[in-house]
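My structure is below; once you've seen it, I'll send some questions.
Every chain is named by a letter (A, B and C) in the order it is written, and numbering of its residues begins at 1.
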Amino acid sequence: MSALLELRDVEARYGPVQALRGISLEVPEGQIVAVLGANGAGKTTTLRAVSGTVRRTGEILFAGRPLRGSPEGVAKAGIAHVPEGRGTFTELSVLENLRLGAYTRRDRDVRGDIERMAEHFPWIQERGDQQAGTLSGGEQQMLALARALMGRPRLLMLDEPSLGLAPMIVREIFRIVRELNEKEGLTVLVVEQDARIALDTAGTAYVLEVGKVAVSGSSASLREDDAVRRSYLGY
Amino acid sequence: MRSSTARALGTFLLLSAAVYLLPAFVSDFRAQQFAYVGIYLTALIGLNVLTGYTGQISLGHGAFMAVGGYTAAILMADHGVKDIWTIPIAAALAGVAGFLFGIPALRLSGIYLALATFAIAVATPAVIKKFEGFTGGGSGINLFGIPELTASLTPVEIFGWELNFNNWLYYLSWTVALVGYVLAWLLLRGRTGRAFRAVRDSETAAVSSGVSLARYKTLAFGVSAAYAGAAGALFAIATTFVNPDTFPVALSIILLVGVAVGGLGSLVGLVAGAIFIQFLPLWAQNVSKSAGAPAVVYGAILILVMFVLPGGFAGLLARLGSLTTRGYHRPNDS
Amino acid sequence: MTEFFQQVVSGLASGGVYGSLALALVLIHRATGVINFAQGEMAAFSTYIVWTLTTNHGWSYWPAFAATLVVSFAGGVGIHQVVIRPVERGSQIRVVIVTIGLLLLINGSMTWIWSGEVRSVKSPFPTRTVDIGGVAISLQDIGTIAVSLGTVILLWLFFRFTKVGLAMRASAVNPAEARLVGVRVAWMLGLGWGLAAVLGAIAGMLTAPSVFLDPTMMQAILIYAFAAAVLGGIDSPIGAVVGGLLLGVGLNLIGAYVDFVGADLRLPAALLVILVVLLLKPAGIFGKQHVRKV
């Protein structure tokens, strides 16, 4: 299977601080790939480098072609980035958030997609006019996910979806992600602190440490390696 | 003595010498023009205390000049006070007005403060016209030829030198400006100056270090207004006439332009700003005789300076030297 | 009693003008946190364009109005692209100083191009009055109220129901996230400036018939617009409109019934409103409170 997304030796810095020191990774089409590591390892920065929210050097290829730098361009290319903290438009309504997710689309099927989202998240239709900021954390995360899907992306990037959420809700979210991957072939790149659930969901994983890839491999092999589990995954 | 102080003292002495010698080398007309530079410099020194050191923006200092100008005019015309003595009184009154404004202004910062002070500048002519009894309303107060105005009709003798009106005005305004600069320098180098800068750099940090925002913000307003008042009094003496149009909105804006273009913090920058204010309309007339030309040029230069040299002229010097000028902090946001 | 109604109606008319210009200020402030000090001068410039088209080129009023709106929109977008964009990223005070520079530049340009002479502008509405319930109401006032109201409604529809309107709202509240869904936030800001310029032009054109056209025409109106925006809540479009109407009616009534204020102290009265609101409830009527205890 060819790589939908490829990073080659990507570096990024925040002012004087070097966050990524040469990251190379591949996300094959139709797969779920996890990026793990401790706080400050560079996981979020990796996603930001892809979506163009942080300046970076090195090559990033999407569907074989070099990826343009600006976030707007990346969205147009078919990459949906759900950032840390969900990034919902808290002052706008649920439906308006979804409409924004479809911003780059020019087709007329947007309303149909909203109905399809309601199948995954039934409360969307009922609470359509509610202000997004008044939703619970779990609901906002699901709204963010639904919004990302409205763009019919080829690649979905999730940044720490479990942050601040109860375990049950986290499991539900990852279940939905798995379902989308299996049923619709959605390619997913997920950054997570919760290594256990990430490895249960993803096929392959990269573990980052201080801005570099320390270990990578299939989830199964990473899970079975005691040394890796203890030093890098914390369990 | 520290080298930076020695350098500052040297610059000051050099400038003072140049100032006092200048009239010998230039025409009478030029002396009058440079007198106005001294007047604007006085106002800018005060505005610099408020804006450069304490980080509070004001688009209303023309109003404080109006307070000073009208005070001086009324004292001279109706109460027989000699022109020199009106200056400290005008400064004191304007200072009180500034201090009083500083109290409600405590709650405002950044753009809201700019807004409120701008509104004062726009509203001032209307208030002047309303209180006709004091201010002579729309027709203003004419000072031409009255005895309280030194040297207005006959030259005055000082230390054996005979000075006509323009030269007298020149020495008067520059003496006020230079004395004012020294006073400001003394005020700013001590604890007060440090407190001002703390307020500018971060209000939250200032308060946590025990700096009373209330005291220093109102003080900064009062001090800067006092300087504006002195400048206003000098202005009234210079033009020998005040009416509501003597202190228009444009004046307040142009004072800010002078501070922005000249740059904050250094004497040379402030002098550059004052020269800019005085001579720009004349240079603009070379571009076009139209009455609108000076405003166009002021505006264009202000914009360009903000693009290229946010620190103004003094900022350019500072980059060559060792000082740095800080930007402003974002107004209230939780 | 008839005087009361007349004052209220004409207060609503001037309030419509204040509200329109206030809406322009709010639009830009919501998106960028900047108060555009040049908004009044831009509006006056637009009014000069209408005047030139109708007086010197013989256009009839409404076509000139429409053409001016288009030109104003382009002007607003252009000003944003050329003058504001280079400094947008830095400190807000710097941007505000740039808008002040614009104020001077545009003000001077008007004097340069058209001279400081006071001009009279024909009103698009008939100058007679109409009898409503025994009270003589000026058609000029009714027309002004209708146009302001119509503009506000159109704008509301635009923001609520169009894709671009939604994108602009998203850019204003959350620019980083808006970029992630593909919105070109920089263009949205330019659009905001364009719309604000159109609103200002409408305010100017509605005002000119009564106050006469000269380069300083909009200076006082700008202060009233500030007061209205502050009163209503500097980030609230509804607040701008309501604030404008309240201010217009309020100033009229105070001016009519409080002798001391009369017509002379109208502007200082507005200043007082600004100060009082900023001191007591800085968020205004519809604004959200920003906690800043220091």
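To be clear about the criterion, a residue touches a chain if its C-beta (ideal position, glycine included) is under 8 Å from a C-beta of that chain, and two chains touch if they have at least 3 such contacts.
Not measured: the values here are computed from a predicted model.
The minimum number of touch steps linking chain A to chain B comes to 2.
When each chain is reduced to the mean of its CA atoms, the one lying nearest the mean of all protein CA atoms is C.
The centroid of the Cα atoms in chain A and the matching centroid in chain B are 57 Å apart. If you average the CA atoms of chain B and of chain C, the two centres end up 32 Å from each other. Centroids of chain A and chain C (each the mean of its C-alpha atoms) stand 43 Å apart. In chain A, no residue touches two or more other chains. Those residues of chain C whose C-beta lies close enough to touch chain B in the complex are 33-35, 37, 83, 86-87, 90-94, 96-98, 100-113, 115-116, 215, 219-220, 222-223, 226-227, 230, 264-268, 270-271, 274-275, 278-279, 282, 290-292, 294. Chain C contributes residues 163, 166-167, 169-170, 173-174, 176-185 to its touches with chain A in the complex.
Residues 57, 59, 104, 107-108, 110-112, 114-116, 118-120, 122-123, 126-127, 129-130, 203-204, 207, 213, 249-250, 253, 256-257, 260, 288, 290-303, 306-307, 310, 327-334 of chain B are the ones that touch chain C when the two sit in their complex.
On chain A, the positions that touch chain C within their shared complex are 51, 53, 70-72, 75-76, 80-81, 83, 87-92, 96, 99-101, 103-104, 147, 151.
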